[in-house]
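Below are structures written as structure tokens.
Both complexes shown next keep subunit A, but they swap its partner, so subunit B is in the first and subunit C is in the second.
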Partner chain A sequence: MSDDVLVSARGLEVHFPIGGSYRKKAAGVLRAVDGVDLDIRRGETLGLVGESGCGKSTLGNALLRLVPTTGGTLTFDGADLTGLEGRRLKELRRRAGMVFQDPFASLDPRRTVAQTVGEPLEVHGLRKGRDKAARVAELLELVGLDPGVAGRYPHEFSGGQRQRVGIARALAGEPDFLVCDEAIASLDVSVQAQVLNLLRRLQRQLGLTLLFISHDLSAVRHISDRIAVMYLGRIVEIGPAEAVGTDPQMPYTQALLSAVPLPHPALERERKRIVLSGDVPSPAAVPSGCRFRTRCPHVFEPCDDVDPALQPVGAPGQQAACHLHGIVGTPATDAPEGITATP
Partner chain B sequence: MTEPVLEVEDLRVRLRTPRGRADVVNGLSYTVAPGETVAVVGESGSGKSVSVLALLGLLPRGIATVTGRAVLQGEDLLTMKPERLRQVRGPGAGMVFQDPMTSLNPVLTIGRQLVEGIRAHQDVDKAAARRRAGELLAEVGLPDPVGTLDRYPHELSGGMRQRVVIAIALCNSPALLIADEATTALDVTVQAQIIDLVEKLQAERGTGVVWITHDLGVVAGIADRVLVMYGGRCVEDGTVDDVLENPRHPYTRGLLGALPDLAQPAVDGVVPDLATVPGTPPAPTDLPAGCVFWPRCPVRGDARCETEQPPLVQITRADDGRARLDLPHRAATWCAEAPGAGTFGTESPSGAGTFGTESPSGAGTFGTESPGRAGGGAR
Partner chain C sequence: MLVAVFDETIAPQGPNETSIPDRLQPPSWEHLFGTDDLGRDIFSRVVLGTGVSLRVGFLAVGIALVIGTVVGLLAGFYGRWVDDVLMRFMDMLFAFPAVLLAIAVLAVRGPGSGNTALAIGVVYIPVFARVTRASVLGVREEVYVRASRSVGASDLRLLTRHVLPNAAPPIIVQTSISLAFAVLAEAALSFLGLGTQPPAPSWGRMLAEGRGFIQDAWWLAFFPGMAIFLTVLCFNLLGDGLRDVLDPRQRTLMAGGGR
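And now, the complex of A and B:
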């Protein structure tokens, strides 16, 4: 593994047991994350897109050890994460932060901004007393808030300001890695732009590595260096933002991009939209072979039988998991447990 | 032009709140022709949802005061008796709400909810209503329509639920369909399906559609006409091309500039920062005296901005061949007006240059990350 990779996952799996009814025992397995290979490079912003239920939030949580992984390996800065406990897990918590979706639910309504932002400093024993207050003021200033608001409560702030508080809290431990899980989804357009700009500035200023999880392709394209597209627990395409955004190689990415409405009426009228039929299959019943085959407009012979692996296509650094670019992958076996990608 | 389906004139909604009087909608006027889609855009709190809830009498009495006129097929909705309004909701106007999980009753089957809507307005027996319900579900593209009748909302996905809600809204063939953020809770691929569906049904039935959304991308795809709302007022309206390609109000420009644009490629590999509109929208309890956008406006190019409310005036150029007389491009701002003249023959270079909605370089002048910085567009 090269030195410039901060977070690395190999064959990462997060499976949840789904228990049947009051009469039945566990009926099956929900494959939220199902064999993800991913390298996040130091100092880059990686955008993670996909529809609801594709496992993107679970993947983000798994990378921070917020949900237990059931398979595969996970390393952070070269050290194995999967078995981490106690003091070393706490150190990971300092070095990797999270910004949550809903700034109304992710802040404790009974704590002041200073208490919320200062808590990580206490937990990790970084600052005390007056030093802590000074650091909180510094953090608030960093995210574009007036340090004078430290004594206020969340309800006194607008959505955008609350999200800034959430970002300040995530930055308190001076993390290397920040996961933003739908951090702008609940904000208005003009406020979204403010938060996007703030994240970009912080990323440059502090040299952060960012995983930006969102269903909004335009925003992801705007903020990311690279984009990973997720479908049913698997990364199906990854590459430089420009390449994935303009010349996607996987039919799913193509459909997803074509469905994004653009604010240009003339362009919209001429655009050919690839409308996918149906809904995403349940992650509890993943199709055999290629998981996208039930909705894919280009489905052909090997798609039923061979689970496609990511292969280099298109621009340098771009990879897609699709048989249209050559049949690479694992033949499906009758036992669904056998479905794992081998690159 | 044919008789409009809906004609709204000077609609005002005032709410009594613990913090005092809130002027949520302040003089909104528009018309919807048969088969036409009018998009109402704005951020949260701009009054867009309240304005349509007021039309159908869905605001709590005693708290909301609604004035103005809203004529639906020759009858004024606002002065209508409650019993008559009940009859109109359905065959007159159908409504699709944002969240399909909360707008369906979780303890009733899909079939019962559809049959209820059909039998409330049509004199048919249960069996016939159920047959009609099955047909409707097939029409909105649900797989296994008859089987779905006996299922409960939680058994369906978000997209399927929204199709059911649309089927309920359409079950009495309304002349007007109101969609309040109907696709906001859905994924883009499902959103595309729903938009296609509404467009298809609209073309078949000639339904007028009022589409409320905050997503300017959706607007570009579906709308014939756009109404941009801010602080309870319409600040700009016109054809979708006029408003999105040639916006005149500083707010519309700011909104468009704040949008990450998939169609705009990176310049030399560098993606420029987004333009932001500093500050937050005004509270409806405390609206500014002059132009509603004045406190956040980077232009403030006129002495009247602070004190005098700009009227919504036509800004379409007379010599413009594309200009449509029935759909004038109007904006409520002092900035778009050429000094001393009622016509707008010039391109208004200072204004256009400052915001530069077309050029990425213009983004910086809208004050990225620095609240309160005024642009250089003052004349």
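And now, the complex of A and C:
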């Protein structure tokens, strides 16, 4: 793994208007992604975890320009992505692929496997005629499917097989970067492991950079080099998988980890769980200061007023956004005098 | 359909051959469906009318299908102002009573079967636009459309390869229903003297002409009516069948059942 950054986001925002249309002013703003700074290094697997609705998938979609960003900057291999259009946007979509959550919804029911997997080849004019059929067969073999299934329709396959077809499609354009958006969440447990191992094998074999979005912490620890934890549209902790997985520095990550069952009954009985009270606040009404303060067991004074920034804590390369490690961040607009904040 | 192709061979007698002595004959072996008030053979006229009615029906639905589907696709897929502009225009067309609109078109263009088709077509454009739009609204949110976009497919490709095929079933059904209605509309317009001009045989006009004799000679109206009824029924069955055949899921089910 090198330090060479492939995908980089700075202050990335994806806000959705609530209840408005293009004629009517929106009644509010949904902050799905709200100021994300993230560097994904070439060749690494970054796991992105968080609860439902925290903006993981929106972030993944935003990185591929599948949802419009409303603020911040985004670069891919050094080139600015915001505002990219036409041919250059198309080129991005060849170099970056996506594997979707639900393999029953992500394949067009009216198109054969060959048509689905071959679509990127057609779109980008990469292969034609017999070459295309050969490449499709090669891709199917790569994801562990019999090339003979090319003429079949999606409904003839099981969930795991469909997901393999989805992976083959994502790989057809020989991308550098692959976003796996809950790619194993809707599969059976036994199949999850197969697909997870397939992804890991492909990542190594093809030198892919992988963003692995999931709410399954053990799966993420299994596959990732680094883990980023997201809460309410913001990355609250990021670091090497080992460090985040064993020694989390942010109370939210600690609570998340404590919810993972342990494989040994004795250990499982000993396991201390940190149960968070309350629900995730609505992304339409993000709390001032630290966005986790409404549920944090360690909440103290500055949490109300200062929005914490990521700061280096714990292991090398580990960062957390929490005032317990020193008050760093942007004060809320109505912050009282006396609290000094460093940007 | 076959009847329309072989009309000249099947028809035992010219459609406009009159034979006053044989007028208003009930059905017999000589005149299978009887004769009308001018002694014309109804069977021959029904057979020859098939071509006229179907041509007008297909042409009308063709016009409505092509324009309406394109409008519906664009409105449904792009939404926002494209949707508003196109659909409000469709509402304007829709707001006119169908026959009045058709009469208006015919008044401008003059009567005749080509113009009848055009008039009926214009009336049905908004129907197709709406059906298509509704269907597209559902399909465009499907993950596979986003997936296709994520590999770089253009809007045109998304529309033609993914959205249209998956939005097609209701459009196909609508087509079969509209074919039936177009045949009826042609009849109505012909009855008003704006459609197919006499003496060319048309089911609708024969029905209208037979109306006056319904008490004494039921066959005048009955056989053209049956022809319309059977055609409409066939189109509906055809629509259902087409929809099933075009669905890969159904196709495998049927193949599996046969094995």
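Definition applied: the second predicted complex is superposed on the first by the 324 of 343 C-alpha atoms of A that agree within 3 Å, B and C clash if a C-alpha of one lies under 4 Å from a C-alpha of the other, contacts with A are read in each partner's own complex, and residues count from 1 in each chain.
Going forward, a residue touches a chain if its C-beta (ideal position, glycine included) is under 8 Å from a C-beta of that chain, and two chains touch if they have at least 3 such contacts.
These numbers were taken from a predicted model, which means no experiment stands behind them.
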item	value
Partner chain(s) touched by A:Arg42 [first = subunit B, second = subunit C, both, neither]	neither
Partner chain(s) touched by A:Arg10 [first = subunit B, second = subunit C, both, neither]	neither
Partner chain in contact with A:Asp102 - subunit B first, subunit C second, else both or neither	second
Touched partner set for A:His124, first subunit B, second subunit C, both or neither	second
First, second, both or neither for A:Ala266, with subunit B first and subunit C second	first
First (subunit B), second (subunit C), both or neither touched by A:Arg111	second
First (subunit B), second (subunit C), both or neither touched by A:Glu156	second
Dominant contact partner of subunit A by residue count, subunit C or subunit B	B
Contact residues common to both interfaces of subunit A (with subunit B and with subunit C)	none
Complex contact set, residues of subunit A against subunit B	51-52, 144, 158, 160, 188-194, 196-198, 200-201, 215-219, 221-223, 241-242, 245-246, 255-268, 273, 275-276, 278-279
Footprint of subunit A on subunit B - complex, ascending	43-44, 143, 157-160, 187-193, 196, 214-221, 240-241, 244-245, 254-263, 265-266, 269, 271, 273-277, 280, 368-369
Contacting residues of subunit C [partner subunit A, same complex]	80-81, 142-144, 146-154, 157, 161-162, 165-166, 247-249, 252
Touching residues (chain side subunit A, partner subunit C) in the complex	21-22, 64, 66, 89-91, 93-94, 97-98, 100-102, 105-111, 119-120, 123-124, 153, 155-156, 166, 169-170, 172-173
